[in-house]
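There are two complexes below, and they share subunit A, which is joined by subunit B in the first and by subunit C in the second.
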Partner chain A sequence: MKNTSQTNKKILTFPQMGNYYIPVKFFFRHVCNCEIMTPLPITTNTIEIGSKYSPDFVCTPFKYTLGTFIESLERNANILIQAGGGCRYGYYSELQEQILKDLGYDFTFVNLVTAGNRNLKYISNEIKKIDPHYKKIKALYYLFIASKMVKYMDKIDNYIRENIGFEDEKGSFIKLNNKMLKEFSRVKTYHQLRKIYKNYNKKFKNLKIHKPNNCLKVGIIGELYTIMEPFANYYLEQELASYNIQIKRYTNAHYLLFEKGKTVKKYLKYAQEYIKYRMGADAHDNIARCKYLCTHNFDGIIHIKSSFCTPEIGAMPIINKICKQYNVPIIYFSFDANTSEIGIKTRLEAFYDMIEMRRKK
Partner chain B sequence: MKECYLGIDIGSISTKGVIIDSQNNIIKSRYIWTEGSPIKAVKKLINNLKENLDKNIIIKGIGTTGSARKLIGLMLDANIIKNEITAHAIGTLTFYPNVRTILEIGGQDSKIILLDNGIITDYSMNTLCAAGTGSFLSSQAKRLGVDVEEFGEIAITSTNPVKIAARCTVFAESDLIHKAQVGYDKKDIIAGLCKSIVLNYLNNVGKGKKIYSPIVFQGGVSKNKGVLKYFKEILKEDVIVDPNSHLMGAIGIAILARENKTNKIYDLNIADIKFETIGSECNGCSNNCEILKIYRDNKLIDAFGNKCPKGAIKS
Partner chain C sequence: MDKIKIGIPRALHFYYNGRLWKNFFENLGCEVVISPPTNREIIEQGTKYAVDEMCLALKIYLGHVAYLKNKCDYILVPRIDRYDVNNQTCTNYLAIYDIVNNLFDMNILNYNINVPKKENDYVGLVEIGQSLGYTITEGIRAYNKAIYYCEQIIDKDIRINTKKLDSNKIKILIVSHPYIIYDQYFGVPIIKMLNDNNLEIIYADKFDNKQTNALANKLSKTLYWKYNREEIGAIELVKDKIDGVIFISSFPCGPDSLVNELVMRKLKLPYLNIIIDDIDSLTGIETRIESFADILHEKHKSNQ
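Presenting the complex of A and B:
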């Protein structure tokens, strides 16, 4: 179990979530003088070792990220990056660091955001742990590019989500997206990035689709990690696309990093008959979105979360009430390491049959 | 010539087959045990259905549902393969167009389907636990030395059902043993067990769902009079059990097969066809997806189970 490689070479790594490893890797590659290890894609193995060393009743993202850390440490990474959030996620870093230390690994742990506090000076000090001579101006510039990259990725992602169920040539969207991400990871300046984005944006719009005007529309709400990491939600979006459904999803990295702060008041006001205060993490966002989806002709709502996600458990009865009031069908999924894939497929298929039947009548 | 349609519902415990005509009349039906081998069971079922079948009948469509729907659908080259929730709803709606609530308890799963004006509005299925399903009942019947078919008859004779902790199968079982060891009458224990199944179902699957009448109760457990009695008692509503309640899924899928019929005519000579599933691990990455390869007469007809193109096997 011990990390035996005692070289002085710094190898940095971070948790895995969707395709967001690309901007993260981009940023650190340009700012810190060290080797960057791309985390392995999440597989059954990740969740198995993650669960083995995690408390049993912790939410599943903890297990996924811990699993990724262990896989990376075994591949000789020695700097781990983690950031906390607005719920139990805020304590992930401290707990994971302790668990990994207890397992006997030797590493430096960099916790960029602790307990949801985003303080630039604190973050700067943390980055100094990786590279004491890093240049702040340069970091700000690349942070800017990375954030734009996230924005563009999410924009393209939204377009894909709305149209992938109707592509003429199967797999054309994914193929083009992979090509774009590859080019994104090679950019050096903001102008290059913008050019590539514009270029691919056109290409995406030119991909042939056969989309009827009144296709079925489904909104996905719920806990952020499970929504954003396809492995964690058993490729739910892919499955929905195979039924020719247009998918609407709000939560993405750009929203969480740059928009969430601004929307709190707006959302609370929008859904004021249901909620007065924030309920932690994305609970109030999801309540407001649920109201929006219910009042904007969506055929159904899918609420997904990892098992034991407390803020979402708090939001669920309210969401249920809204859906009853507007008579919009909703289905809840709770994912963890022991979920049966067949069970999800059966329920999803029935959900599709149900919304299609309602549409027909 | 009379056009007919075959619906097969392959559940964990039992396999149901039904042949219907275009007016929803049941021409023939069979109910047999799956006994862990769906392929064998279906072969037996079809042979049973074929016996003495009118020569004028031609099968224009086959539908499969239940947990082995995909495999059997491939085997019979079915024209529709659908989940059991939809199949049950369609089947029930044909006979009870006004139904508002369908309670279904099968061998391994239990579900509730809510409808309004003939449209499914909500449904749920047991997720974490199989407490209160048919397999639990039959294993407890064995423990008590009673045939599961007699269970209901015995239960309704009791006037004083014992209280059994019903939260979970394991706890219910240990509580049941305790009640037996302190000397309770067997019929009271059996009645208590039936009641606990109802309570568990309503607290678990039916949680947060508004149950309106007409209520239809189906699935294998609906044949149990004890469970039915306590459903009526606790819901304080009338609960309908159709004489064909155990066949509803099969009827529903037969109707769907009729709605999706093609020009194909099926012959039912499958007894001699060799059909097998071979599982293997992909080993392309650490996911180690389990890939199922389905062979008919040693010829690969389909393979599934892979999460990515790496594990794709062409038939």
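Presenting the complex of A and C:
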């Protein structure tokens, strides 16, 4: 399995998560002088390879990202980027580096975030590993644009999620979104980005929809990676949209990077009859959101996580209690590397039938 | 007036701080009720309250809490957040107070340990003493007395453990969380098996914490869980004096799944990895321990 065709060219890659490869790629393309490989889409093969070399009861994102790394190393990538913090995510990188080295690959591993503390000096040193001559001012400028790009993408995403179930012409939302993302990746200045965003925002609002006032509303809460990577949740959102359901989801990259720090106190206060402390990763956020969804006339809640996700498991008894108190149906999905898609579809269908019948009563 | 009864579950952080709590409340003049060693009934109770995927240690904790229900006035459930940025705890410790509070309807005494924010055992316990109606001076006196007593016992433990390193028997280091290895139902039978196989047992958690914590950096640079740091630091401390390492973890322990895997990949000694589930039979583990002991004995003979 050795990487034989060694060249001096630097090829950089990172794990796949939703559409967020666009801003990440944008940032590194402008800041570092190296080739960037778009992360390979996750397939069943990725999961198989990832699970083969992972420890037994590690959570699923570890397996997905390890699988992606191995696949890209096979295609001659030699710089890998990983970032994480909060729960177990923060420790992924060191073990993944060790596993990949034991497999005989030759590469540089760059870990942008450790133990959940975002220290600019540390990040700067890590970027120097990729390109020792990178310019800090330039990096800050493109970081700003990339963060704005994430923000705009998430804003559009939220709009899509609420309306995609009711589109007149099937596939029109996804088509337009893909077009927008393509233009985003070609952006050079902040001004251009803003212009494109405003333009497409209008276009999205002009897309024809037939949305009844009393449509079914469902909130999705849960663990961040499984929520944000559609392959990891077996395209759950698409499935829901096909039932004509309005979807509300909070967790997105913009929230995790820029808002999470500010909302801790607010959320703890909002759900103070249930929780007193932070519970690790997104657990307390999800409890507060669960209460919000219960008190704002949502028809159902879907809680998704990867199996063995410790913080979410801790939150589950409390979420269960809230839903019982407010009498709102909730369904739990725990995704593993070998979950069957049919099983999920069946459970989702039953859940949909149930909330529809409740509505009719 | 009847004494205030305070319940302490014999699980999770009891094995780190239990002695301190017991002494502190007894010094204050309260009655301390400690749940009995884990038995089948407690495990079943715990499984009933817990979510399926919860860590075995947490399930047992809930079982102990369920046992103490109606047997005491207050139950002590502290929360441990972090000692510093590199000494955090697993998310179960962060969530434990809120889980117990939501699942059980009882009076809970709670304090938080977050040392960077100046919340530690001392402040927490004295505040609890105040809330129970004792004065600050009484609290401080009780705490100081308790901590003095605990430190002496810890020193003694460390002395005994270090002395074992000079033994002529085959020495193995046990790397496991105290709440697993000292648990009557899971850990103690395993220790007995090891003793039957004529092995000298050295515990990774019975060394000087500060020393082992600092040594952990040699094995893993980015590790940020306090208890794991101390345990793998012990490997680094005694690696030249021992013949093998046994890892024991509960299913599915979050930090152990990653840290033990990494250490096993770097370790140059023979090792055995045991994962404990809530299954009754220990026969499988017995077979594995026997063959591991045989390997070590054979290796020892050929070296002589």
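The rule we apply is simple: the second predicted complex is superposed on the first by the 361 of 361 C-alpha atoms of A that agree within 3 Å, B and C clash if a C-alpha of one lies under 4 Å from a C-alpha of the other, contacts with A are read in each partner's own complex, and residues count from 1 in each chain.
As a working rule, a residue touches a chain if its C-beta (ideal position, glycine included) is under 8 Å from a C-beta of that chain, and two chains touch if they have at least 3 such contacts.
Computed from a prediction, not measured in an experiment: that's the story for all the values here.
Look at where subunit B and subunit C land on subunit A after superposing the complexes, then choose clash or fit.
Subunit B/subunit C on subunit A - fit side by side.
With the two complexes superposed on chain A, say which partner A:329 touches: subunit B (first), subunit C (second), both, or neither.
first
Is it subunit B or subunit C that touches the larger share of residues in subunit A?
C
After superposing on chain A, what angle in degrees do the C-alpha centres of subunit B and subunit C form at the C-alpha centre of subunit A, to the nearest 10?
Roughly 80 degrees separate the directions to subunit B and subunit C.
Considering only touches as defined above, state whether A:304 meets subunit B (first), subunit C (second), both or neither.
A:304 sits against neither subunit B nor subunit C.
Can A:318 be said to touch subunit B (first), subunit C (second), both, or neither?
The second partner, subunit C, only.
Looking at A:350 after the superposition, I want to know if it touches subunit B, subunit C, both of them or none. Which is it: first, second, both, neither?
In the superposition, A:350 touches subunit B alone.
Looking at the overlay, what does A:43 touch: subunit B (first), subunit C (second), both, or neither?
Touch status of A:43: first partner only.
For A:100, is the partner it touches subunit B (first), subunit C (second), both, or none of the two (neither)?
neither
Applying the touch criterion given at the start, work out whether A:220 contacts subunit B, subunit C, both or neither, answering first, second, both or neither.
neither
Which holds for A:235: it touches subunit B only (first), subunit C only (second), both, or neither?
It touches subunit B, and subunit C stays clear.
After the two structures are laid over each other on chain A, how near do the C-alpha atoms of subunit B and subunit C get, in Å?
Minimum C-alpha separation, subunit B to subunit C: 7 Å.
For subunit A, which residues belong to both interfaces, subunit B and subunit C?
Looking at subunit A, the two contact sets intersect at 317, 334.
In the complex, go through subunit A and note every residue touching subunit B.
Within the complex, subunit A contacts subunit B at residues 40-41, 43-46, 235, 317, 320, 327, 329, 334, 342-343, 346-347, 349-350, 353-354, 357-358, 361.
Which residues of subunit B touch subunit A in their complex?
67, 82-86, 117-123, 125, 127, 208, 285-288, 307
Okay, in this complex, where on subunit A does subunit C touch?
Residues 55-59, 62, 87-88, 90-95, 98-99, 102, 111, 114-115, 117, 274-281, 283, 307-308, 310-311, 313-318, 321, 334.
Within the complex, which stretch of subunit C touches subunit A?
Per the stated touch rule, the residues are 49-51, 53-55, 58, 79, 81, 85-86, 88, 90-92, 94-99, 101-103, 110, 112, 220-225, 251-255, 257-262, 265-266, 275.
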